[in-house]
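Read through the structures below before going on.
Below, subunit A partners subunit B and then partners subunit C, in two separate complexes.
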Partner chain A sequence: MNMKWYISRRVLWAVFATFIILTFTFGLLLISPNPEASAAAFSAATEGGDPEEARERVAEIRGEDRPWHEQYVDFMVSMFTLDWGNSFTYHEPVVDTILRAYPYSVALVVPPTIAAIIAGFAIGVYSSTHQYSLGDFLGTSFAFFGLSLPNFWFAIMLMMVFSVYLGWLPVRYDTSVEFWSLEHIRYLILPWFVIWTGAIASEMRYARAETLEYVNAAWTKTARAKGLDETTLTYRHIFRPALIPLITIVIGDLVGIIFATALVVEVIFTVPGLGLISYQALVRQDTPLVLVTIMIPVFIAIIGNLLQDVAYTMLDPRISYEERDA
Partner chain B sequence: MPRSTGQTLHRRMFIVGLAGATGVGLAGCIGDDDDPDVADDDDDDDGVEDPPEDERQIQPEFHTATESEATNLHQYHINDVHSDFRVGSLMDGAYALDMDDEFYPGWVRDVENNDNQEYIYTLYDNLEFGAGYGQMTADDWEFHWDAVMKQAAVEGDNWVAHASFSDWAAIDTLEAEDDTTFRIELVEPDPLWIQTPAIWGEYIYPAELVEPYWERHQDGDDDAGIDLAEDEEVLNFEYTGNLGPYEFDFRDPEDRWVATRNDEYYRRGQEPDADLWEEAPYFEEYTIHTIGEQSTRMAELETEGLSALTTSSPIPPDEVPVVEDWDHINMYNVPSPFSFHTSYNQRANGWEPFRNREVRRAFSKVIDKEVIANDIYHGAAEPGQTFQPEWSEFFESDEVEEFGVGESYDPEGARDILEEELPQYGYEYDGEDLLDEDGNQVELILVHRERHSPEADTGVYHAEQYENHLGISIDREQVPTTVFFDEYVDQEDEDGNLLPNAGPRDEAVSRRDWDIMWSLGLNTFPRSPLAVDIFWGEQAAFNYMGWHEPEGYRIPEMISGVGDDLDAMREALGEVFGLLSREQPVNFTIYTFDMAGYHETVVPSPEEQDRVEFGWGYLGTTWHKTDDPFA
Partner chain C sequence: MTDTEPLLQVRNLETQFHTDEGIVRAVDGVSFDVYPGETVCIVGESGSGKTVTIESITRILQMPPGEIVGGEVIFDGIDLTTASEKEIRRIRGDRISHVFQNPQGSLNPVYTVGAQIREAIQANRDVGKKAAREQAIELLDEVGIPEAGARIDDYPHEFSGGMRQRVVIAIALAGEPDLLLADEPTTALDVTIEAQIIDLLLRLQEERDMAIVFVTHDLGVVAEIADRVVVMYASKVMEQGHVHEIFDRPAHPYTRALLDCLPGPDGVTPIEGTLPNPLDHPDGCRFAARCEYAIEPCFVGEHPSLLPADGDEDHLVSCLLYRDGHDESVIDREPRRADPFAVGDDT
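After this line comes the complex of A and B, so read on.
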């Protein structure tokens, strides 16, 4: 099997897997109680109206008064023809809602993710080359401290300290601030810090585990015996060979952040990004928006996995798909 | 109606005031009257025009927040307080009710009541729709009746999917007399018609906007109503013209709603209270932020990022002690008509002894309502005794029996009653514990929602009281709101419909078993409570707990025949509310307050500074700020 065939099959699999996941999600939404309908029915009952009529009214407004298979076919056709329709909640095309939210999520997630990769790798490599030293313990502790802190609590604490008591930073995000400005950064410092501390541990642990394998490798010892300085040794003989597995993690992270969300941080700092939008869509059973916000990340995640596999072959000549049967 | 979701509310609840700049639907105040920074407008005794003109300056911005986004932009579909709060800034509605429950002009400047059956409404003559639709006339109202409300309420053809039409069924005819006058003839006389949420607070579209869709519907097009809801002029509020204090600017979902001062606002300088309305509204820009997280809303209020948290997203009860310490925030304790109950399940899947009124009364005696109101709700609630708050003119204290306050909080008396009443059901006390026939301690299911911590704490308090004083083990279940309604409150009828009263109590039961239910809140409609039979009685649509009136009493009969005699109505309702208090179909545990917080620079109207009652905030559009902390 050559590479083209392999990639083609994987892309087809991505489409099929997305279809399955969308079907599953649609089914879950179909059988879940609809809070909007329940509330409308309750409201009608208390004013002497007909609760069932109220449920039907909500269903009619949402086009959910048709047989489920008609709804299903409609939604699937609209998903795969990219005609995603209007959001029930925001009364605008789903695409507009996503495109409006997208830049906020990118601004929120990309910088701390990149910073977490850099810092996490740095700490990880330092920890592996100074195993069981004070620095190793401190680095590991810091990483796990960030991972262990509940984002929700940590974000509120930071807000209380730096925004309410010290007054140094704004309480929450403000979309009216110029996007490309230093002022914008002021609004992002606290959310960035929360995301960064949460993300750094996994990068650090991966880097530490992978580089540890090469700390005591024969070539490392040889290089050290030949008098190579520690910085060069670490970079050339420890970090570089470890980079192959690490690069797949980096690619995964980078693909992830294309559509990444940080729901908790978005809720607390009121960033109207994709996480918040998707969450509200789920809560309100805004089916078109739910399906789209699920479909895109799922598809991207599967394609991301494919890119990881392809990256392996490019970085490590020992790996080949040419001779695989399936 | 349930306050439960925090989202969907009956129109009766949220249209308590005109669409106001500083807070639609506010009521009640414990503001700091002595605050030197708040304008002292009480200068009438000095003969000085009230308020001084220099204090009522137009400030650049007003910022408030709600916990949720507006989910309906189409006025016919609005059934949630957050949508109404936003749309209300653009549209005044027909009229408001003041703190005496009297008519206060909106688009309608006067109402004439002829024998309680014919009502003549007169519109201001300077009302203008936007988008070139011209003057709002009586013909628009006649069309609204003929094509929309009559279809939904009388003909059973709710083609626009209107969310609130049932009160319009009381109308026989609505006809335009001339450009600014329309006449309503009711099916039956009703002295409280003006207080009924039909015309009160109603929004309408220009007839010309709806007419094409109405014609399509008449031609058999089933999509006409849905297409109207997606009309660009509807979604962008192009039709609002000069009908509200602000004009729609833009909205960013889950972020903000921004409206700008309407330079052509029809109410400006009009009587009554022309001086208050002279330059109204008093803010150039009005912003409603969507801030879902409670901690963030409170932090914004504390750091002066918001001008106010209104009753649309009030200060949570557990934050009240904190806000009391903030010097820059005036907190307003707004009476609410919502009765929050502790219900006893008398249906077949409930505990059988709850069909015995003495047992219900005993359970109500062990709940100290003052503890809940003062210690758990921090003063954001007051004890309730029947399906009417004490401040209602329909509350007859002579008729009402109290439970859970003062000496009527009586755990020992409750235990004595149960020792006497329960053996007939096979239950007996052994020491402290109540045992069933098999010798096992009785365990009851207490269900409540998980909305906020005072509500959860009150659930815990109930469980402790029953366990400590009645020897009953409590299995406490805390559930999400949707589950609460669909699985516990509603029952399924034979067609699979979920209803609060799906049939006789021996047959229709909720999907999940429960015995005691805390946290359901119902609007008591203190302005026009004649609809009490919707909630209470064997046949009542909302009889989710399966209560039957005692022998010789039928609530629909008790209130029938009062006609348009207001005194007879008061007497009949007084007896009904007395009966409910004695029977304890539920324990009417508390009435909540909505705690609104305003920056100290926000100045209510003179009347609303001096007096705080239900309906407070009806002059919200005339409020101003003495200074602008955002400038």
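After this line comes the complex of A and C, so read on.
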């Protein structure tokens, strides 16, 4: 019963956080320029009309001449009913644009991220349990190499070598390729590699730092004194306790991978995922689309935090589900 | 006691740490024996090398930076310093167990105490989960945890410090060891709990006929439990012998000084100065700089080796004044304190 109550409280909190963020976004929208009105004013001016009048007419059509609290209620209602407006550039509901783009982002981000977490944790734990050994040195060096490499540069270099000079792989992404096909992998392998190298380094560093704390923990000594073999010991008494802080870091990190690395990679490899779409929306001042592409990471962060809280309670018995306040 | 074979023989053990500042000789030629069923106390100040000695025996010391560079640890005919990982793993927990100083950190916070005791049982015996659980409950009961069957699924943070130390002891008993290495197991506990834990260890020792090496800096505890005492100072053994010899006729000036630290009719007499720097031990006797009886030869050459005091082979001392040509009678060996500890014949 406690667990359920705890989770429902966290969900309520997530809804409340969403509410606050939407309110804040509304405030930002209220003061940001409106490209549609600017366009109308511009065409009115070129045709000899009154630009101010055109601007007001657009505002009237869009309901922006009403008091702000009416607009606010409208905005909130449309947000919660997923009526997020139409894209100026795609001339369709932004939700449709997003739904069309997200499978590409998922295909691009998920496989290398999972691979990076697994490999990064494995190397990180090896490094911490073999501190100052050659393996630790190589692992740490690799991490710094991956971390220091600018993604955009690395992506362009890989593209030059494998696609342009060697001609082994396609240069541009092609949306006509069957989504679930081996051929598709030929298009994805370079972007995967870029995301993987970028992510593995940070996962490895986190795993090393977090597990290092437990390599010399008193309970590790107790476990060794029991006669456990090193593999069991490392898994149960070093990695497992470190998993709690690692989950926090990884979830925070994932948002970063998806919306920083993936954006750059999508733009360079012209993969029509969320990153490329939000980049183009920004460049073309497609406000509704920009809004949505900004809201998505915010929601992911909120949901991520929620999942993290739930994962905590399962991993760390010391966290109670009971009321913390009052 | 000398008639039986020793269970454990530590011979000239040398353990070093490689640090950025240089090599720390934490254990520098330490020797002692442990006979079956007896209690040996290793006493000394903090930093004298007691813990490193203990953890070198089963090699649970972090290596690197630690390294055993010399000597032997003979247990059951095997030299543990050169035994394979597999051999030593079979001995750990099964024949030699540890109890550590800090019950706070000795248990993994993410597993129930039952799971951690079971792990110790299953590491050494091929038993199923259910049987191991039954055994774990028995062990918890044996170390005096009330309602063991209910408490077994609790997590360490749900136990008090004293109860946690009982759990650690239960883990140590899981393999039915011949030798228990207890490293200041009561230092972190308050006095009433300390007494309970010591009583528990003594009871278990009797019931299970196991030898205990008990590391402590508390001479009160030594008086209560020890059969024999090893006095360590600055990585060396200064003196060792039967507990009565040590308390009633301490041979080494350091032992004498340690005993004077106990509260007596004249209050306490602290030892002036500090331990020498372990990175750079001084020439001669390690204790010379703080010794009230030190003479010139004490400051040169090697640290004196252990030799019988009073011609008694079981009472060894490493002090120049006991060598030929010197007069050890300058050392005041009569107990100054009114003996607050009943070091009876049958403790």
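FYI, the second predicted complex is superposed on the first by the 224 of 326 C-alpha atoms of A that agree within 3 Å, B and C clash if a C-alpha of one lies under 4 Å from a C-alpha of the other, contacts with A are read in each partner's own complex, and residues count from 1 in each chain.
Criterion: a residue touches a chain if its C-beta (ideal position, glycine included) is under 8 Å from a C-beta of that chain, and two chains touch if they have at least 3 such contacts.
Just so it is clear, the structure is predicted and the values come from calculations on it, not from any experiment.
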First, second, both or neither for A:N216, with subunit B first and subunit C second: second
Partner chain in contact with A:L228 - subunit B first, subunit C second, else both or neither: second
In the superposition, subunit B vs subunit C on subunit A residues touched: B
Which of subunit B and subunit C A:N86 touches, first, second, both or neither: first
First (subunit B), second (subunit C), both or neither touched by A:I268: first
First (subunit B), second (subunit C), both or neither touched by A:F179: neither
Where subunit A meets both subunit C and subunit B, residue numbers: none
For the subunit A and subunit B complex, residues of the former touching the latter: 33, 35-36, 38-49, 51-55, 57, 60-61, 63, 86, 88-92, 97, 100-101, 156, 159-160, 163-164, 167, 170-172, 175-176, 267-270, 272, 276-277, 280, 284
Of all residues in subunit C, those that touch subunit A in their complex: 55, 58, 60, 62, 64, 85, 89-94, 97-98, 100, 102, 104-112, 116, 119-120, 123-124, 155, 157, 168, 171-172, 174-175
Contact set on subunit B toward subunit A in their complex: 1-2, 4-5, 7-10, 12, 69, 71, 73-74, 77, 79-80, 158, 161, 163-167, 226, 229-230, 235, 252-256, 289-293, 295-296, 299-300, 302-303, 305, 481-483, 485-486, 489-490, 497-500, 522-523, 531, 534-535, 541-542
Interfacial residue positions of subunit A with respect to subunit C in the complex: 131-132, 215-219, 221-230, 236-237, 240-241, 244, 315-318
